[in-house]
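Below is a structure I'd like to ask you about.
Each chain gets a letter, A, B, C and D, in the order it is written, and its residues are counted from 1.
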Amino acid sequence: MEAYFIHLIILIGIYLILAMSLQLSIGYTGLMNFGHIAFYSIGAYVSALFTLNDIPFVVAFISAGIIAGLFGLLLSIPTNKLKGDYLALATIAFTFVVYVVSLNWVSLTRGPLGLPGIPKPSILGLSFSSNIMFLILVAIVAIVVYFFIRRIIDSPFGKVLEATRDNELATRVLGKNTFKIKSVSLVISAFLAGIAGSLYAHYITYIDPSSFSMMQIAPILCMVIIGGLASLKGTIIATIILVLLPEPLRFIGFSSSIVGPMRQIIYALILLVILLYKPKGFFGKVELE
Amino acid sequence: MKKQNKIYWIVGVVVVILIIILSFITNRKESSSEVVKIGVLGDLTGDLSSLFRGVPRGVDMAKLDIEKEKDVKLQIFLEDQESCNPQNTISLMNKFINIDKVDFVVGGSCSGTTLVAAPLANEGKLPIISPVSSVPNITEAGGYVFRTYISDSERTEKSAELAYSLGFRRMAVLKDISAETEVSSSSGGRKRFEELGGVVVSDESLTINDKDFKTQLSKIKLSKPDVLFLCVISPGQISIITKQMKELGLDIQIIMPNEIAQNNELLVEAKEYVDGLIYTLPGDAPLSDKLIQLKDYYKLIYNEEAIPIYTLEAYDAVWLGTLAVLKSDRTKESIKDSLYQVSQDYKGVSGDVEFDENGDVHKSVVFYQIKDGKFIRY
Amino acid sequence: MSLSIILQLLVNGLVAGAIYSLVSSGFSLIYSVNKFVHFAHGAVIAFSAYVLYYLFSTLGISFWFAVVLSLIFSALLGYATNELIYKQLRKRKSSPVILLVSGLGFLIFLESLILIFFGADVKVINLIKVTKGLEFMGAIITPLQIVIILVSIALLIFLFIFMKKFKLGKAMRAVSDNKEVAEIVGISSEKIYSWSFIIGSAIAGIAAVLIGLEQNLEPTMGTNLMIKGMTASIIGGIGSVPGAILGSFLLGILENFGIWFLPSGYKDAIVFTLLFIFLLFRPQGLLGIKRRAEK
Amino acid sequence: MLKIKNLTKNFGGVKAVKSCDFDIKENTITALIGPNGSGKSTIFNLISGVLVPDSGKIIFDGVDISCFSPENISNVGISRLFQKSQLFDNLTVRENLLLSLDNEDTKFWKNIFGRNKINKKKEDLVSEMLTSIEMNYFASRLGRELSFGQKRLVEIARTILNPHKFLILDEPVAGVNPKLRRKISDILIDLKKKGETILIVEHDMNFIFKLADDVIVLDEGAVIARGSPEKIKESKKVLEAYLGN
């Protein structure tokens, strides 16, 4: 019982990192980054491949973030001029490209075979193989990520991000290089998605390309939008609710064959209702533009 | 106004959390000694669910029979992995171990998810018996991982040998590169065929979402093969591939090293063009009374002529697990240990299910052919 | 590479392109009028195909009657999507991104409904007896595939005439060019939006019928078709119906010639790389007019 | 200070600005007037880098800035007020003004390590400005909660606070009520006293003639007259340009 909750909380922790970092780019910077799953995937693969080649977890974990961040930089350069739905489509296309590469670059990723047997993390001899230890690790990372993002958005830099979101041209006319600002935001967001991917890989111990298909963005996007843009509190509450909400379905006595579709329907309906009747989400400051 | 709104939200959140907690608590049933609890990792939704529909049916039939024959109640926890999603598998294994406290698990449909479940099974000391997984590396997955299905390695080699012995020398390979079993099977079959002295004239691939294979097939046609070694996992793709082969006039023998073609829908939907296809099934169980009974019973309940694949393997898995539980002192280690013992005496309906030290079974490989809308022993 | 093979690849590409164009023409008609990505378009196709399957294969209604009913159904589904979701959002002056996200939500919703109603088993609409196709200079094509290509070309011609000669088509073009000006001359833009959804979704219904006959039905077929159709429209110029059809054929041909040279697993890679390149370097596509993609 | 040489910009086939030439001297207020569509806003967009000229040069302090990006143009010292409100809607008035003070806030690591605190000096600058536009009370209101006139005021304040040598103001008083108009006029006169260099576009002639030292008249994208307000008032050419349309 408790152990199952621990598992759920670990999932919440990983989703929190993903959703909060997506919030940074969508809610605070106004970048319609729908390619978050690509960075998550890159982070998971980097970390898995590193540790499978006997590189210590800490190094793999940080490299996962850094390499995902580098891809964020790479993506930010050509997409810098794109806005709104075009940016959304370009980042979706980026997810496809990463997905197809991970499926086809068999010599590196083993393609559809996936990477099994990813070791549980251990830092300086301290093993995180039990779920409770892993929970502590995820919690620490999630809390650090929370304070990191808080720090960013409360600093003057965060205000520049918000200014860019509200009115990019006016920000530029005030002398701010929004190109750089948007890149930094995307890189940080990608970095955090990368470390979330690393945690995922080491928790599940098996990754394959299908875990990172484009549609996986939907629940994370739901968390960000339902919680409300530019509100970390909203994101956190929405993440907790959305991870836990479908769980009772498993227990209430629904036939298990409709639990999956029911969960999807619940997500989709909540998303639609929020968009229609409460466009700022629970705690949002701004509307999606 | 604003304050009121806030209160609504807080109340809403509290209610949701209460429902969640309540639903967990109400589900916490006391376990009694006569009840054997079985977790089933099924794949009930998603693109592959029709493939795996035999698993829950086999489990159900086993439950009926066991409760009739032995003085024991089975409690089945059937759960959905949703298209072999590893994250769901982890959730479900955690639920089985910690909440349902099951005695053993039947399932792990895709080989990937069985591998995901393996470390949890070994750590939580929960035996898991997969009626589906066939990739070779399950063998080394750990002491608590068993399977009633055979490993791919033998049947792919046998299929290649069959192709060679039928006089074919030019093989074309078409494989689904998004399915782990198919990639390893195709390379295994290819290697064996070349060892025997045959030539692999083309090697093409596809992915699970593809629905148009005309160019792959044109490429294959150009290489003038005399046999097609087809490694795909979706019955729907078999029907399109065979249909498009017919349309393109590519009229060669198809050999599939796996069991996917044993699918009733193929007979209904694609009867004309799958004719002649050769595939393998594991096991060579004698047609015992029990098996005849099962077949009749299946026809009665599900209104289908042939029992779908994995049904009998799932049936055997439930039997083996339950017998092992009854024989053990109900600790997890002893269930695992007695699994080896009971498998020696138990007569499987899916063939010889005696576990070796790795938890694998060794059944003979049998070839079948689709002929005139029927699955016929080849 | 012999001539017959080139011809065969061309035929394969044309058939694939025709299928994509059935998806992309409706999609880009809706885009050109409404100026947002109607992500649920694929799900409308999938749902209509399942309705056709249900009417024809399960209930046993005669084929042509079932086709008419499923076309009506798809038009209504598109209309309802607009009325219930997009129109409400537009009232609040929501941005195209919101409409895109809501479309994504609706797509997930419809696909899950299909899963609950029809299950995940592969369904086949068995109408046409499969035989070896007709042979032209070594290339093989089936009658149904010829029909698909003809229908897609007919659609192109119909849409061209419709937009140029019909009153409704002209009104659509007016709204597409400049909504404010159109309203000044007395065209109700909301009404035109509704019509664009009805016509675009009816085209989706045609796509559903033909794709249902050519391929199998699967609950997720909508997403897969949508991705290809959208890619084709973006390559051709999003918001330009002729562009979308051109893009579709280009995509189909490129895909099929591409995997002749590359391993066939790279089929999707070709598509997505092309999509990515176009979005980055030529977001207006081949025929599209440069618009707010770059402000 | 600013030299415009042979500046040309086409939109499609339409020539918005054709071979425009003028220069602006330091410490003067120059007004750019002309009928609608005469190319005033296009020239502003060209100067501030929002648009890139087809040909011709814009030279500021001896530097050719014709191909500079908006942020670089701001950083060489040209601060611009837009005609349409460009306030940051979801930031407070105070935050809007703080953003304009310097560009230290774009440095990520400096901000993360807290090396870019909002110090007393910055606070003072902002509150001083808020006092002078009498908006102290609204300091923590969000941009979108302000009235049109208040938005204008804050934007003007933001434009002035942005470090600059040269101000370009696009219709600072268009659409505001007479009371605010007087206030804005006072602010501009104040700037004039301080010796700022300003280029201003405005439709209100009385406002212009009260304020400007020099007037440039544009028609159809070209300079048709230039001189002191008095001289322009009497020019026939100008009258024709306005009435002829």
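Definition applied: a residue touches a chain if its C-beta (ideal position, glycine included) is under 8 Å from a C-beta of that chain, and two chains touch if they have at least 3 such contacts.
What you see is a predicted model, and the numbers here were worked out from it, not measured in a lab.
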{"item": "If a chain touches subunit A and subunit B alike, it appears here", "value": "C"}
{"item": "More contacts between chains, A-C or B-C", "value": "A-C"}
{"item": "Chain of greatest Cα-centre distance to subunit A", "value": "D"}
{"item": "Most centrally placed chain, judged by C-alpha centres", "value": "A"}
{"item": "Inter-centroid spacing, subunit C versus subunit B (mean Cα positions, whole Å)", "value": "36"}
{"item": "Between subunit A and subunit C, centroid-to-centroid distance (C-alpha), Å", "value": "31"}
{"item": "Rounded Å distance, subunit A centre to subunit D centre (Cα mean)", "value": "42"}
{"item": "Rounded Å distance between subunit C and subunit D, as computed from the means of their C-alpha atoms", "value": "48"}
{"item": "Multi-chain contact sites of subunit B, meaning residues that touch two or more partners", "value": "45-46, 49, 177, 207"}
{"item": "Subunit A residues counted as touching two or more neighbouring chains", "value": "103-104, 169, 258, 260-261"}
{"item": "For subunit D, residues that touch 2 or more chains besides their own", "value": "none"}
{"item": "Listing of all chain pairs that touch each other, if any do", "value": "A-B, A-C, A-D, B-C"}
{"item": "Subunit C residues within the subunit B interface of the complex", "value": "5, 8-9, 12, 15-16, 19, 115, 119-124, 126, 129-133, 135, 140, 142, 215-216, 218-221, 224, 255-256, 259-260, 263-265, 267-268"}
{"item": "Complex interface listing, subunit B residues touching subunit A", "value": "9, 13, 16-17, 19-20, 23-24, 26-28, 42, 44-46, 49, 78-80, 82-87, 90-91, 94-95, 97-99, 112, 115-116, 119, 137, 177-180, 183-184, 207"}
{"item": "Subunit A - residues contacting subunit C, complex", "value": "32, 78-79, 81-86, 88-90, 93-94, 96-97, 100-101, 103-104, 169, 215, 218, 221-222, 225, 258, 260-262, 264-265, 267-269, 271-272, 275-276, 279, 287-289"}
{"item": "Subunit D-touching residues of subunit A, taken from the complex the two chains share", "value": "151-152, 155-160, 162-163, 165-167, 169-178, 180-181, 184, 230, 285-286"}
{"item": "List of subunit C residues in touch with subunit A within their complex", "value": "36-37, 85, 88-89, 92, 94-98, 100-102, 104-106, 108-109, 111-113, 115-116, 223, 227, 230, 234, 263, 265-266, 268-269, 271-273, 275-276, 279-281, 283, 292-295"}
